[in-house]
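These notes open a run of structures that come right after.
Across the two complexes that follow, chain A remains constant while its partner is chain B and subsequently chain C.
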Partner chain A sequence: MTLALRRVAETLLVLLALSVLTFLLTSLAPGDPAEEILRRGGVQPTAESVAVLRGELGLDRPLFSRYLQWLLGVLRGDFGRSYADRAPVAAEILSRVPATLRLAGTASLIAVGLAVVVSVRAALRPRALDSRIARVATVAVAAVPPYIVGILLISVVAVGMRALPTGGDGSPDAVILPAVTLGLAGTATLLRLLRADLAAVARLPFVKLAVAKGLSARRTVVVHALRAAAPGAITAAGVVLAELLAGAVIVETLFAWPGVGQLAVTAIRQRDIPIVQAYVLLTALATVLVLTLADLCVSVADPRVRR
Partner chain B sequence: MDRSRRGTRFPISAGTRGGVRPGARAVAVLGMAVLAALAACGGRGSAGQAEGRLVLAAPRDLAAGPEDPYFTHRTLRVWEPLVTLDDEMRPAPALATGWERSDRGRRWTFTLRGGVRFSDGTPLTAEAVVANIERFRRIAPRPSAFFSLDAGMEAAYGKLAGVRAEAGKVVFTLAEPVADLPARLADFYSMIQAPSAFGPGGDFTGKPVGTGPYMLASWSKGQRVELAANPGYWGGKPAFDRIVVRTIPDANARVAALRAGEVAGLIDKGALLPGQVAAVAADGRFRVTRTPSVLTHYLTFNASRKPFADPRLREAVDLAIDRKAIAGKLLAGTAAPGSPFLSPVFGALSDPGVRSAYDPVGARRLVDAAGRPARPVSILISSSETGQFPYTDIAEVLRTDLEDAGLPARVNVAEATRAVMEAGDYDLFLSAYSVPNGDPDYLFRRFLRSDAAWNRDRNLGYRSDAFDRLIDRAAAAGGADERRELYHRVQRLLADDRPMIPLAYQDNPVVTSTAVTGLAQSPAYLVDLAKLAPSR
Partner chain C sequence: MPAGGVAGAVLFGAIVLFCFVAPVLSPYAPHRPDLARTLLPVSGKHWLGTDQLGRDLLTRTAEAGRASLLLAFAVTAVTTSVGTVAGAVAGLLGGWPDRLLRLAATVALALPGLTLALALAGVLPPGPGTVLVALVPLGWVSCALVVRATVLRTAASDHVLAGRAMGASPLHLLRRTIAPHAIGPALTVATGDLAKTLVAATSLSFLGVGPPPPHVDWGGMVNEATALLVVTPRLAVVPAVALALASLGVTLMTDALRRPSAGASCP
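Showing the complex of A and B:
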């Protein structure tokens, strides 16, 4: 119980520090939000307009009082309004959360599924041709940025074969290409870890015993070794999922996917500080939640941790 | 025995020898499933154009929501303005069929088109027009995704004393004469919608209610806008019943969607990047339309410090630059070399007498005479502009051109160019400017007049009484000939003083599939969606 409380207190402290940091960084960075917003349509605003808008947005007040007001609002659950289109920030972000969750969820399913299948195969037949190809492919995928993988997938699958849409969220199958792009980036990390763990577990006495007792190799790996290797993999999966949530930014822009990442990119470009602030807080919170969830899963999978 | 021996090396793999290979089978099954799935949904028809329905894409969202002064971009043709601009940026009738000037430009009377109804069925009246103009003035300054409203709206309406309805006509009364009010009002600043569309605060209460050929059917922010033909449109029914405009921000993804047949065209500012045009144009399935735009690439001098406080060195830079190479090669032929300050899209106002020259020898002579600067000059570019135009390459070419002339230079790519310029820490600034309403007064008054914020705060160091007087006279000039002559004099003056020099006039290439005809684009990137039709 005290452990849980400490965890919550730690999380709050991290979030507070993070909010101060983002507020300072976005506010002190050169560039005037009022001018950026007025100039969006390509018209150079007059100094008078910029001054009036600065007043309306409260940008003429001292930094500290602005931060305090923002923080008090957040404590009441009010994240303020977007500088750019005056829409309430919380509603704006919440409306985009489902799309990002769908993308990151599908991507992590692909990442975990692929990692498990390939690593089990590698444990069963480490010298088989497909295991070796998988090994090389993992390194190759890890080395190519998701943007390039995405472009390749678009040009081959969407343009060449016309099998899937190039982007947008217009049909149920539209999630496949962005999820594969994002998932492949996670697979590489996960796969290397899981394969190493499985190899280490395979050398443990209980595995040898299982084999000696005449248990089939498949059963040995899938039921016994995989479960013993799971804790490390689950922790890694948690980290990967958190990375996917945050890393969806590039993939969402490339595939015109209406998620939180795309919103953040636009907001950063326009110096829409309220949105950037909320995005950073939300991503941090999601990361903490996912990692805590991973810890819980580990304790379920591995009785040793519970004590 | 065999098992345990091998087991020390590969304890698990031993049992699979000669037996089933579950992993391999799983991989194979998975692979087959993926291929089967792809094959099943393969052969997707061309979704870009179906019966009566057209799908296009744009780099940005062409709707901006109820808090935006306009809700939708002019291109979507949901609303219409009083006055629009023709291909040469001259004012042309839209909802106003004509206008009359009296009291030497202090009073303008606009006659409205008859028989026009808003999409909710209510008629267009002079009172409705007045309500729209008053709303603009009430909510200004107001940012917009398309065309921000400045405090006072002076750029649009001048010093407006009042606007009222008189016998079915709309009368603007001005405190000071404005010679070109219709041009200033053109498009965005004279948007007319049913007054019932606005709430008491000036925001939209629901969807926009305009008089245009299309109505906003649905909008999914950042994703897609769907338009439906307006059955009561005064100008006749457009060819497509429904038009969808998707937002695809990534340039490569946009062209991919076009190639995949998901969209039948790309429109709006920056639809195709200069580097993409040749490949798309070579594809027989597409028709690229290139029209000159209001965007011009300029080089701005910091003349408030050495070395460019010396006019000889500004002239040297002007002569040293190979504009043909920049426009033809780096901008891939999507731009024309720049000469007069106002590009040809300004029509007669652009002064054809001003010619830029490429003379590296002359440039070198000028540098020798003025003396080489002690330190390299700094060429500033904005990192946000490098995504749309190859500014890093252009800056690199500028650097070599200057060094050939004896001016050592370095390139500085900055995120927030404003801070750098306000600190005065630059010598040359490469940037694109546009004049979306085609009003040269906007450009001169906002950028170069002695009291212009741009000139003063960003250390351009340009002070010229002659220039200030000329642009003030041109703004109040009554006759078109007088105004043209004054703007030509302004451009000749700028060609000598060189506070900013035009490098290239940018086109805006847009594209449709050959199955669609009628794509035309104004210099301000406006497309008339109602003119699009299926090819026969």
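Showing the complex of A and C:
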């Protein structure tokens, strides 16, 4: 119990540190936000109008009190307004969340499915041709960044074979290429770990017992060894899911997928700082939640951790 | 060294050679547009054709590679130096430097991938220096953790105790008995970081927050070419494959170094 409490306290401390970091992004940006907003609204900023807007935004107050006000807003779910169109940031991001979840969800299904199937096959027949090919392919996929994989997939599958759309969210099959691109990035990490874990578990006495009592190799690996390797795999899956949520930025941009990542990249290119702040903080929050959830799943799946 | 490591070193060496030599030998300027020769196909004069502004694709890919590699080397040099010093200090002193390092590691875990780098690169004025500033804040953490672990392990070993018993000063112990053990793991992490940095820096350019033109790297080339992907995929595929091969070469080297038999054990 004390361990859990310490974990929560540590997480809160990290989130607090992140909030300070995120808030300081505004003061790193060159130029004055009030001037920026006026210029974007198509108004030539005068000393007077800038001073009025600075007062409205609270920019004339000291940094620390501005941070407190911002943090209180964030805690209530208010991330301020976008520089570009003065729309509330929270609503804008929330409207993009379903698309990103659909993409990252499909991608993680692909990643986990592929990793389990390939690693079980490798454990059953390590010397078979397909296991060797998979080993080489894993190294290649781990080395090549998602946007390169995506470009190659688009030019072969979408442009060359005209089998799938090149991007957007127009038809139900539009999710396939971006999800495969994103999923492959996660597969490599997960697969390496699962393969090593299965190999380590295979040396344990209970696997020998299972073989000795006459179970088939397939049943031994799928029912016994895979279950023993699950805790490590769940932790890794948590890290991979967090990576996928963050990696969605690139894939969404490449495939014009209308998710949070695409919104963030547009905002970053336009220096729309409130959206950038919200993006960084929410990504961190989602990551921390996913990692904590993975830890909880491990303690459910593996009784050794609870002791 | 295993065959994969040798293959990776040869592959990466060949690409480095190509990127630094080809722009010198090529008769074409990598940045000057030639609107009379746009989108030429592959020919004896232009081995990989020309792009939408009439620039020779082969020359431009090499020039972009030079910029990508130089930036990746620079970032990795900084992250490895900072990480080694921070890891050694945290491992040797313990106490608050150690707690600070662990906090940094937790923050790095909470901000996966490019999240912080993207935000920093987007907020600061664009340029190669900004990419450096964007990638260093969390880039040094992995190296620091590995060096810290090695220092802790080595400091507890008998030969360090023997040195201490003979009255060696802490600085002498660090230089003569601990550092030799930490260099191997640090270099292994540095090689891994080189691949990660190469990918991260070009990803920033691909997303349009890298250094502005005339600076060009592989990510920027792919970004420019995505609009023409349907008409001439060659423009995107050539720099994409170059980056993929470079990253693959470094990754193969890292994998070979990570094997326990290579002498440099790495967690």
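We take it that the second predicted complex is superposed on the first by the 259 of 307 C-alpha atoms of A that agree within 3 Å, B and C clash if a C-alpha of one lies under 4 Å from a C-alpha of the other, contacts with A are read in each partner's own complex, and residues count from 1 in each chain.
Following the convention adopted for this analysis, a residue touches a chain if its C-beta (ideal position, glycine included) is under 8 Å from a C-beta of that chain, and two chains touch if they have at least 3 such contacts.
Here the structure is a predicted model, which means the values were calculated and not measured.
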Which of chain B and chain C A:223 touches, first, second, both or neither = neither
Chain B versus chain C as contact partner of A:14, first or second or both or neither | second
First (chain B), second (chain C), both or neither: which does A:276 touch?
-> second
Which partner does A:293 contact after superposing on A: first (chain B), second (chain C), both, neither?
-> neither
Go through the superposed model and pick first if A:46 touches only chain B, second if only chain C, both, or neither.
-> first
Once the shared chain is lined up, is A:97 touching chain B (first), chain C (second), both, or neither of them?
-> neither
Could you say whether A:145 touches chain B, chain C, both of them, or neither, answering first, second, both or neither?
-> second
Quick one: name whichever of chain B and chain C touches more residues of chain A.
-> B
Touch check for A:154: first (chain B), second (chain C), both, or neither?
-> both
Looking at the overlay, does A:166 come into contact with chain B only (first), chain C only (second), both, or neither?
-> both
Overlap the chain B and chain C contact sets on chain A and report the shared residues.
-> 29-30, 151, 154-155, 159, 166, 253-254, 269
Chain B touches which residues of chain A in the complex?
-> 29-32, 35, 37-49, 52-53, 84-87, 117-118, 120-128, 130, 151, 154-155, 157-159, 161-170, 173, 202-203, 207-208, 211-212, 216-218, 220-221, 225, 253-256, 258, 262-263, 266, 269
Provide the residue numbers of chain A that touch chain C in the complex, in ascending order.
-> 10, 13-15, 17-18, 21-22, 25, 28-30, 139-140, 142-145, 147-148, 151-152, 154-155, 159-160, 166, 239, 242-243, 245-247, 249-250, 253-254, 264-265, 267-269, 271, 273, 276-277, 279-280, 283-284, 287-288, 291
Where on chain B does chain A make contact in their complex?
-> 3-4, 7, 10-16, 20-24, 26-27, 30, 38-39, 41-44, 64-65, 67-68, 140-141, 143-152, 155, 220-224, 246-250, 252-253, 256-257, 259-262, 269, 384, 415-416, 418-420, 433-434, 436, 442, 446-447, 453-454, 457
As the complex stands, chain C meets chain A at residues 4, 103, 106-107, 109-116, 118-125, 195, 199, 202-203, 206-209, 219, 222, 226, 229-230, 233, 236-237, 240-241, 243-244, 247-248, 250-252, 255
